[in-house]
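Chains: A, B, C and D, in written order; residue numbering restarts at 1 for each.
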């Protein structure tokens, strides 16, 4: 079967945290993002907040470097990647499920500001 | 901001449950779906199960009718819709978050079988 | 970079054509699909046709078999896959570009009818 | 039916052109983007270029302003939006079809560099 692709256009909820696991030497960064639908309320004729979607976003290697050095809380972003669920047991022994997104691309949303970009010198691919 | 669109290609985990809320008279159906990535294990050269994604799918009106009368446990399906999170408090008073998908289209996956289709007579739109 | 994933919810425009190229022995099927946005006309308060999207869809192997044996002109479908452009030269020597979609999953849209499904017996993966 | 959503991760092919149609006073910008799949060649074990996807991207209002002031040829970008086809007749009277994308969000791809972002002060929504 196939990867579950998703795109989130929203705001960064938490500053990226990053680490460089000793066994891989590859940078890993993660942050949380939220997207809130704006919908037209038919009765009042005004735009109101609709459903929200929040998820933790994991970034690897070059994307982790770009994200860790460029993104901060509140930034409007577009995030494209793959969704998955992760099962775990909490302190009380209850089965729990978390949702996570592995990003393939993250960018500041130019619908909500201007951006300056400093391209990384390509190394190989 | 924008709706968080997603497509899931996977298998039906639970038989659709449906109801017709008295105040709306619109049929509502829901089921759970799981998608498992198949990935090539570089060491063994074999295809193995990778990440899984599971989610509850809500269907409304005509889609609910089609799903309730056509889908059963184990069916391979393709589901397109919008993701959202729903916050709630469990019996112990802990804040919890659920993920749900509101489907706009559901179909049997013709990569995994043959289908016969009986079109609903269009009423209005 | 990454594949350009797309989902089309619409109607089949042309009956699937299929062939089994001698060198591969894998069935290939293709058809055309169209999706038309319905949008609310603010002046009249009525739903009208908006933008249309049409594309040729290519299917391979098991999906080609399911599509060739299940899909016909006018069927409402959901199609998930990858988009690409193909450059060619027409009879007058002009450079032309075609858009094609390689489907990973196709299904009848249960928002618009009921479906019966006959699963293919799994062979290997 | 539904909008045909698509996400493109690729490179800007042409500098954004923009104009402010007299009757709307809303800025419109457009540029072309290309995405090339990198795939593993099983025989050589090397990554090679696979299918390409190119499309014209139209941006409106605030997104047009952000794009026109931030994007230039060669920039790596992520673009999310809706696809449509437009039919026209060329100089020789032949029916032709163009594909266009109406973007809802565009951002520099942080997998390929670092970005600085200057948020527009919110006005109303």
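Rule of thumb we're sticking to: contacts are C-beta pairs under 8 Å (C-beta built on N, C-alpha and C of every residue); 3 or more make two chains touch, one makes a residue touch a chain.
None of these values were measured; they are calculated from a predicted model.
Enquirer: Could you figure out which pair among B-D, A-B or A-C mirrors the C-D interface, over half of its contact pairs being identical by residue number?
Expert: Of the listed pairs B-D, A-B or A-C, the one copying the C-D interface is A-B.
Enquirer: Sort out for me whether A-D or A-B is joined by the greater number of C-beta contact pairs.
Expert: Top pair by contacting C-beta pairs is A-D.
Enquirer: So, what's the distance in Å between the C-alpha centres of chain D and chain B?
Expert: Going by mean C-alpha positions, chain B sits 30 Å from chain D.
Enquirer: Distance-wise, how many Å sit between the C-alpha centres of chain A and chain D, to the nearest whole number?
Expert: Once rounded, the distance between the two centres reads 21 Å.
Enquirer: Would you kindly tell me how far, in whole Å, the mean C-alpha position of chain B lies from that of chain A?
Expert: About 23 Å separates the centre of chain A from that of chain B.
Enquirer: Can you pull out the residues of chain B that are in contact with at least two other chains?
Expert: Residues 2, 5, 7, 9, 38, 80, 104-105 of chain B touch two or more partner chains.
Enquirer: Which positions of chain C touch chain B when the two form their complex?
Expert: 5, 7, 9, 38, 47, 62-63, 65-67, 69-71, 75-78, 80, 104-120, 125
Enquirer: Contact residues on chain A for chain B in the complex?
Expert: These residues of chain A touch chain B: 1-11, 35-38, 51-55, 82-85, 97, 99.
Enquirer: State the interface residues of chain B toward chain D in the complex, per the touch definition above.
Expert: That would be residues 2, 5, 80, 104-105 of chain B.
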